[in-house]
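Across the two complexes that follow, subunit A remains constant while its partner is subunit B and subsequently subunit C.
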Partner chain A sequence: MVDGAAAIARGALDAGCNFYAGYPITPASGILAHMLRELPKVGGIGFQGEDEISSIGHCIGAASAGATVFTATSGPGLSLYSENIGLAIMMEIPLVIAISQRLGPSTGAATASAQGDIQFMRWCTSGGYPVIVLAPTNIPESYHLTKRAFKLAKRFRNPVFIATDKDTVMTTESVPVDEMINAPDWPEIPTEPVGKPLDPYQINGTIHHYTGSSHTEEGYITKDPDIIAQFNERLKNKIESHIDEISLVKADLQEGADTLIISYGVSARSMEAVVIQLRSQGEKVSALTVYSLWPIPEKKIQDCLRGIKRIIIPEMNHGQYRHEIERLVNRDIELIGVNRVDTILITPEEIMETYHG
Partner chain B sequence: MKRETLIAGFGGQGVLSMGMTLAYAGMIEGKNVSWMPSYGPEMRGGTANCTIIISDEKISSPIINAYDSIIILNQPSMDKFESVVKINGQILYEANNIINPPTRNDVDIVNIPANKEALIMGQKKVMNMIVLGAFLGLNPVLKPESIMEGLKKVLPKRHHHLLPINEKALEVGISLAYSKSPS
Partner chain C sequence: MVEPVPDTYITEENLPYEFCPGCSHGKVLGALSESLKQQELDPSEVVIVTDIGCVGLSDKYFITHAFHGLHGRAITYASGIKMQNPDLNVVVLIGDGGCGIGGHHLLNAARVNTDVTVLVFNNFNFGMTGGQQSVTTPLASITATSSIGSIDAPMDIAGTAKVNGGGFIARATAFDKDLPGMITKAMNHNGFSLIDIWELCTAYFVPKNDFGRKEMMDYMGTLNMSSGILQETDRPSFQTSYNHIQEQTKSQKPMSGLVLETKFSSELDKPLRIVLAGAAGQKVISAGNLLASAATLSGLWTSRRADFPITIQTGFSVAEIVISPEPVLYSGIVKPDIAALMAPEGKAKITRLMNAMEETDTIYYAKGLGDVDSKAKQLPLNFPDSTIKDVRKNIAVLTAGYLTRQLNMFPFEALKEAVRQIQKPKIAEINLGVLSHFE
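Coming up: the complex of A and B.
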């Protein structure tokens, strides 16, 4: 039996992570505990900072010196991370951050699941530059998506989030060994870095300057509008021109279905149960699990809309992803949210009730 | 076979470890299992519960609508969860902790004086294992030996000298269940 925290930590270690810094917070502490215990065994450094600001600072420092870094926190910790995430974007630091979501705002219900930080992860820092967000729904996916997050972080030299939640991290399940060992049938992420290489690892031979200020390709501060424009466009485009490569979904479509259920994270587990139940009753229904929440896999979502008249979107917030999907679909399609922000997980029964209207 | 169980009580009563033990025992017998904990922000004395699914089939969702059995160790949990048991399901509760017994007449209701028995045994902490024994007695879905194997994984090694008294408690619970079995 294994829990999501161990699966994420194992994924990080198997991806070559050799530096972790973090500060304890429910429900992400399991990841910290696992990393602190396991990293020394592989010659890495596991470190508990004096707070979140220091922890992410250590991660950025270690990554800029060539380490493969990882950190994990929850929503309140992300508030404290947010300034330095901007620094990581600007310095083009490969950085993987797991966010184990709990119910906010503020301390909120610290021991309850939520999916309220979906927009927060995307827009957590100034400037609005893109980040990548991946969301596992179960334990094997927690492991494999974490490994994938490291590949994406290195390729795009950008912060990559793993959007998980209390119940995906803390639920302990039996998992068939082959589901953990065998990689899912997902397209490979190329290893070569995207865009003009500003090589954070090139510390031999040349001195490299890092700065959060707008800078030239050599890392020197500049006020030249052309250089700044070019640099900032590149930060945006390096992610947005590779949406097809980053996009990852599981489309379980049924011929003749006019209802599509779209979900992610822990809520997708209830979706899966409902789909099995509905089909066993002879209903036709399609389901889409979104693994790459940001950038939004627009094409992959639109590919699922043939014949669809109604989309049901269960998520544990007030409709943060539903509003994104609203932009993508024809107005003839009815969008219905199943939303909860009361510590209770969305049950298969609630989705079923919405399905039957 | 698919068995969906909820265990609920105060933090400190061993609610979560009972559930974890049950889940491990299921895994040891080759079942698919899921253990989902839920508790308040308090270190001790808050409410705690966990959902355990033991199934021959793959478990699609650890989140479920209604339970086959609930095991209740305090009054607030009884008030909260009495209604979520399936019709013809089962409510097993610790007698000393419940002032207002459940009133449903469409489920089996069994109470076990586990606190009292634990005090007689001289180790009140084994109350949870007595209740777990009663659950096994009523629902022979897993072998007691598997429960003990599971407990070895859940109990930290420094407490392994307590395994024999836990095994005794499990047996006490099983025999209490036999004497209480609903007809």
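Coming up: the complex of A and C.
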């Protein structure tokens, strides 16, 4: 019996996290409490900042000195992380951030799940540079994707999000022990860094300058358009040229199906329930769970479209991922959203009704 | 210590400074270089963290490590660096502007007493953006954003750090001959240190306000502010205190999940969605955990959601439990199979759920909570007579026992085993006593 907060915290610790700073916010406070209790036991540091800005600032500073850092918040806290996420991108700081989504806008409903921050995570900072976003659908995946997030952050020296929600983080569930222990059959992330490895401040080490300003590879401010162009192209390409490596989905395709259901996070569980039910009734239906929401696993999505005439996309927002899928598919495929923004998880029955039109 | 000690910690190749003629910033950077020399520090032992503004140009002049981040946040990065690597000497260079936008970080770093040194380049206005008023602009001063004189009381930066417990707090001017010595004292202090260094912005503040060196000293006098060390305490630094926490906790066991092995069996053939609705203090969530754990011990799949107000010990408390022979995919409950009402607060909270219930569903209610507007069957929670004195204090565990007896979910023994495995011995003893009434 375990909840998502414990699974995520355990995942972070098992990934070698030794520094956490965060600020209390429902529904992410459980992660903060676990990390602040556990880190000193293993010689790490857990710090409660005076606000979210300070918390992520401490993480970035500690990472520049070599720490493996982690923080967690919810949508309102992500607003305050925004500017520093840009700094982490610019300084190429490995940084894992869990977002336990709650219903917005604003304070919204603090104790209700939502998936309204999917686009916000992708576009949360100035400049539009890419980030990586992973979305677990259940507790074992929360653990394994958290570990994976640390590998990706180290490899790409970039912020990596774990997009989760109140229900995944705060619901206690029975989980088979072997699903927690054994990693799913996902491709390994190579350990060698893309670009320069992290060069932490070290006594007797190379002198290193980190800066949020446009800079040379040595860390000195520059206004040279050629150097800036080269640097910024690299920031973009280091993620986008590795989409195949980052892409992670679960494709459950059925021969002869003309309907594909695509979902992610907690809503994917309702999708799975519907697929089981439909197939038991003799219907043919395919399903795609997207684990790597950003960068969009375009090829993996397109690989699922053979024979598909209709795509149903359940998500707890007004269609944020549906609009992304819209541009990937032929116009003759019908796209239908199942959307809820009223504190209640999308039910299998609603998806079923949409399926039967 | 390094040998040979560099003559200067400033990179000659980047000189001269790009500061405006007469600007005091260069003097303070020189004093910092001199102080590092006094301390004979290896450049790789020092990290200079710069804020935004003219002072933010400073990082490139040093042969040390450097970090140039966002406006107002320099102290947070410095604190993170120091926490991770306490052997580094971390110095923040920040302006009065940075102390305004980052005032929250300033006063909290003083509270936390992280062992970083903050040098404030306080020249009473924003230089880089064109001479706007800042938090330290003297009353009635002319700036780009106070054309006939500023009307806001100036902030006392050193005083703010002082009252919030900063270990070493001083006020100085860029013209002080002993500024390098003062910086050395600040850096050698084990804990938060700050020097509020008053200086001149010759581009904007000086010409607009006839504010030269003499006027600045007079101004300090009119405010009854003094230069020199304002506070020096031996309060333990963050690192010292945190090391203590690490020492005290290192023998504690790491976190682990609650492992419940299947010991019983169940004949449940479809998911059962149960809602326990009561009031704070009735241990409703705990009873929900017992049902979920008992089901897990019986080889079933479970989920348990809790709903309660932000405040505790008041209002409703609702536990939603799904028990199923198959993995629980949808953990929400929009239509319970079973609802148990233990208090008016819980009853009111789940009105919507009870409205959705059908004839095949059942609502069990405690005394006085019947007569619900719902199609569901409604039955009283008929606890054994012997439990009368337990009802007030232990209604939730009684309800868990009652439901276990009424519904064919799992053996009653599994519920008792759950009590033994997940509850603290004292509470388990009480609850096993309560449950014995059902045998």
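Just so we're on the same page, the second predicted complex is superposed on the first by the 348 of 357 C-alpha atoms of A that agree within 3 Å, B and C clash if a C-alpha of one lies under 4 Å from a C-alpha of the other, contacts with A are read in each partner's own complex, and residues count from 1 in each chain.
In this text, a contact is a pair of C-beta atoms (placed from the backbone, for glycine too) under 8 Å apart; a residue touches a chain by one contact, two chains touch by 3 or more.
Keep in mind that this is a model prediction, so the values were computed, not measured.
> Following the superposition defined at the top, how do subunit B and subunit C come out on subunit A, clash or fit?
With subunit A as the common anchor, subunit B and subunit C collide in the superposed model.
> Which of the two, subunit B or subunit C, is in touch with more residues of subunit A?
Touched residues of subunit A are more numerous for C.
> Have a look at where A:Trp123 lands relative to subunit B and subunit C in the superposition and call it first, second, both or neither.
Neither partner.
> For A:Thr171, is the partner it touches subunit B (first), subunit C (second), both, or none of the two (neither)?
both
> Could you look at A:Trp186 and tell me whether it touches subunit B, subunit C, both or neither (first, second, both, neither)?
neither
> Output check: A:Glu272 vs subunit B and subunit C. Expected answer is one of first, second, both, neither. What do you get?
A:Glu272 sits against subunit B and subunit C alike.
> On subunit A, what residues does subunit B touch that subunit C touches as well?
Common to the two interfaces on subunit A: residues 1, 26, 110-111, 167, 170-174, 269-270, 272-273, 276, 345, 347-348.
> Where on subunit A does subunit B make contact in their complex?
Against subunit B, the touching part of subunit A is residues 1, 26, 109-112, 167, 170-174, 266, 269-270, 272-273, 276, 345-349.
> Can you check the complex and tell me which residues of subunit B touch subunit A?
Listed in rising order, the residues are 20, 23-24, 26-27, 31-41, 59-65.
> What does subunit C use to touch subunit A in their complex?
Answer in residue numbers: 42-45, 47, 49, 59-60, 63-70, 73, 76-81, 83-85, 87-88, 104-105, 108, 242, 245-246, 249-250, 252, 254-255, 257-260, 289, 292-293, 295-296, 300-307, 310, 328-332, 334, 422.
> Considering only the defined contacts, which subunit A positions touch subunit C in the complex?
Within the complex, subunit A contacts subunit C at residues 1-2, 6-7, 9-10, 13, 19, 21, 26, 34, 37-38, 40-43, 45, 47, 49-51, 53-54, 57-67, 83-84, 87, 110-111, 167, 170-175, 177, 180, 200-205, 207-213, 219-221, 269-270, 272-273, 276, 344-345, 347-348.
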